[in-house]
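Next come two complexes, and both contain chain A; in the first it sits with chain B, in the second with chain C.
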Partner chain A sequence: MKIEVKNVSKKFKSNYVVENANCVFESGKIYGLYGRNGSGKSVFLKMLVSFYNPTSGEVLFDGVNYQNTSKYPKNVGVLIEHPSFFGDLSGFKNLKILARIQNIINDKDIELALKIVNLLDEKNKKYKEYSLGMRQKLGIAQAIMENPDVIILDEPFNGIERVSVEKITNYLKEERDKGKLIIVSSHIKDDLKKMCDEFLYFDAGKVSIRSDLDEI
Partner chain B sequence: MFSVWIKNYWMYLLAFLVFLILSIYSFASYWAQENRNLEQNLINYEKYCYEGSELLDYPVCDYETISKKPSFFYSLIMTFNSDMFPKGFTLVMLVIIPVCYFLTRYFNSGIIFNELTRKPYSKIKHGLILKSYANIFPFIMCMALIFLGTSLFTDSATILNPDPLFDKEYLSLSSELDNPIFFIVWYFVTNILYALVYINITLFVNRKYHNFFIATIISFVTIVGIELFLELGVDLLFVTTILKLDFGVSFNILNGITFNAAAGLGGVLAFAITMFVLTYLLVYFSYRNKEKIIMDCEEL
Partner chain C sequence: MKFKNIAYKEHFNNKNVIIVIIIIIMGVAISAFSPKTMFNFWNNFDNVLTNSYSNAFLFLATIINIRFYLNNNSYKYNLVLRYGDYREYAKKNMRDLINITVYVYISYLIINVAFSLVFSYLNFSISNPLIYFLHLIFFLIRQFLFLIAIQTIYYLILESYSNSFSIFILLVIILHFFVSSYFNIKIGNVYLIFSAYLQTGMYSSILEEIIYSMIYLIIFLCLCLIIGKFLLRKKGEIR
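Moving on, here comes the complex of A and B:
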């Protein structure tokens, strides 16, 4: 799996949120997107998964451009910004609704994803009763439950306790070693340094590739 | 996953029950009054229609006329013209409230973000439209029950009475209505089209407004606004005053169940189809841009 970002810019009204980004993401690596809040990370990720269309440039998923089409890049697990679920349903039922769309996993796979994020014991609790960290965990479980080739997580560790962060980090490293492509964004350097192989630094819409975050 | 289904569609079931109860109550009230009239007619017949009476040539002494059951058509019209269905507003509310609930629940959950990585946007869009249209099924079932119930009580062999005091003269209908099957199909189709028009307008409003109460009020006001525009602007000012034609009386999206076919059945059906197509185009264009839908959901 290879994602190519070619001269991608996104403009809202007269402001460039992402400006002329160029990079390549390849399987078997974890990429860290680092930058302050509002630096353009989320918008960049939304363009990657074709939620947003770039104002100019293109994003290619294995050579295919999904922008301005109704199609979508398959085998991609995504959590962008905040998790979104039905408040009056349990965490498990929310995942089950989503699992039925592609129908490639069963209840045990859902439970496995919940176990990875340390949420199995709370699976029958209603989503609206979840704390911020639990909601975030459910969002991550949603992104990984179908065993996708690409995992994209935007600020995944917001509100999650350290033990679970460690567990999820280890899981992502294992998946990387199995050959998956993983992209994680955060405004916390240490979270990214622990697991990422390469970094993209976002500063007011400008994107630069870094091999080490310490120089920033 | 029955519990999930119920949480999505319980309002559809509630609308069905409310519609059914209102219809039964309305029909029962009308039927009780009809029986009281019949009893009074028979008392009057006994009292005044003796040999040599001056009233013998009047309808009040025509036993066949006064003892005749009301027609199916007349009963249906009386049922849906009761206080329970003022100007068709009841039907509008019963159609738009469940759809607003379904759509605002969906958009507010933000579940669309999770779905977008699992199926194409076109499928999500069509699913949303079809699930909204599904609210006409309780309405169809309800209509079918009311048709069945009404036909059991009334003279179901004919839509109009052969010698009506009311039917044909009042509604200026063509003889095509003497065919019960034709009437039932026509009535079903036009009402389904009107219900779909309400749903299309609701879909259009909910594209932007994701608060249940605000979306419901704006949907209702929009439907009433379109009705006023059609009646006052298009019919009264343009068709009647400027073109000097009378077919503008069909331009009414609220009188589906209360029935007003003064301009002819074909005219009403053509108007209902036109309105459905126009409002569907509105939905098609408003839901075409995936990015705008996503941004509207993100504003929550």
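Moving on, here comes the complex of A and C:
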């Protein structure tokens, strides 16, 4: 799996949110997107999975440009921005509804995903009764439950306690070692430094590739 | 890949359902509480069906239902990648919306029957039952088709240009008044056609009704297909 970003820019009205980004993401690595809030990370991630079309440039997902088509890249699990589910349903039921679309996993797989994010004990609680951290965990479980080849997580550790952060980080490293492509964004350096192999630094829409975050 | 429908009922909570029911009751009540020259169940029932304001409320209930049904963008992220194709996602939504409209329309009819019954003083007399029920059935079919068509077009526009909500509300209401008056004229015509049929024994009037309904269906289908093809050509952005 390979994602190529070629001269990609995104402009809203007259402001460039991402400007002339060039990079390549490959399987078997964890990429960390680091930058302040509003530096363009989420917009960049949305362009990767074709939720947004670049104003200029192109994103090739295994050589395919999904812009101007009705299709989306396959086998991708995402958590972008805040998670959103049906408030009156339990966490488990919410995941089950989503799992029914592709119908490739069963209840045990859903429970496994909930276990990875430390949410198995609260699986029958209604989503509207979840705390911020629990909602975030459910969002991550949703992204990983179907065992996708590419995992994209935008600020995944918001509100999550350290024990669960460690557990999820270890899971992502294991998946990386199995050959998956993982992209994680955060405005907290330490979270990224613990697991990422390469870094992209976002500063007011300008994207630069870094091998180490300490120099920033 | 085998797709299964997401249970659309999950999109609605008790509050949503109550709001829709109240709108329908208000629509029916406008006609039911209006001054009458005669108290008859069928007369009341017919008055509600053909009352422009009652119909406007029915359309409003349908439109509000779509708003309740449509997912916010963060939830949409969970869905579209799993479908892999925006058209598949849109088709699934349209199927669900048709199911929802069936429930809304049945609720509307039940509430209409209840109000008509209350103000009928148990007068159920009808002069030409065969003619009346035939025209009623065709009328209901056409009205339901119109409801589905408006809803589908509205959904497609909403998916494509989400900020056009208020403009489209106005469009629907204006359009509705035109169509509603057309329905009324048609009912009068149908009575005349069926009276002629009873006198002459010719079946052409029934065929005429069927043809009218078929034309409606074909026009609505074509309209929805054209708009669907145009709007869902590419997926656009999920903002």
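What we mean here is this: the second predicted complex is superposed on the first by the 216 of 216 C-alpha atoms of A that agree within 3 Å, B and C clash if a C-alpha of one lies under 4 Å from a C-alpha of the other, contacts with A are read in each partner's own complex, and residues count from 1 in each chain.
Everything below uses one rule, namely that contacts are C-beta pairs under 8 Å (C-beta built on N, C-alpha and C of every residue); 3 or more make two chains touch, one makes a residue touch a chain.
Computed from a prediction, not measured in an experiment: that's the story for all the values here.
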item: Room on chain A for both chain B and chain C (clash or fit); value: clash
item: Touching partner for A:L98 - first (chain B), second (chain C), both, neither; value: both
item: Touching partner for A:V49 - first (chain B), second (chain C), both, neither; value: both
item: Which superposed partner A:K71 touches (first chain B, second chain C, both, neither); value: both
item: Partner chain(s) touched by A:L89 [first = chain B, second = chain C, both, neither]; value: both
item: Shared chain A contacts, counted only where both chain B and chain C touch the same residue; value: 46, 49, 51-53, 70-72, 76-78, 80-82, 84-89, 97-98, 100-102, 142, 146
item: Chain A residues touching chain B - in the complex, by the definition given at the top; value: 46, 49, 51-53, 70-72, 76-78, 80-82, 84-89, 93-94, 96-98, 100-102, 142, 146
item: Residues of chain C touching chain A in the complex; value: 1-7, 10-11, 13, 71-72, 74-75, 77-87, 232-235, 237-239
item: Interfacial residue positions of chain A with respect to chain C in the complex; value: 46, 49-53, 68-74, 76-78, 80-89, 97-98, 100-103, 142, 146
item: For the chain B and chain A complex, residues of the former touching the latter; value: 1, 3-4, 7, 105, 109-123, 290-291, 294, 298
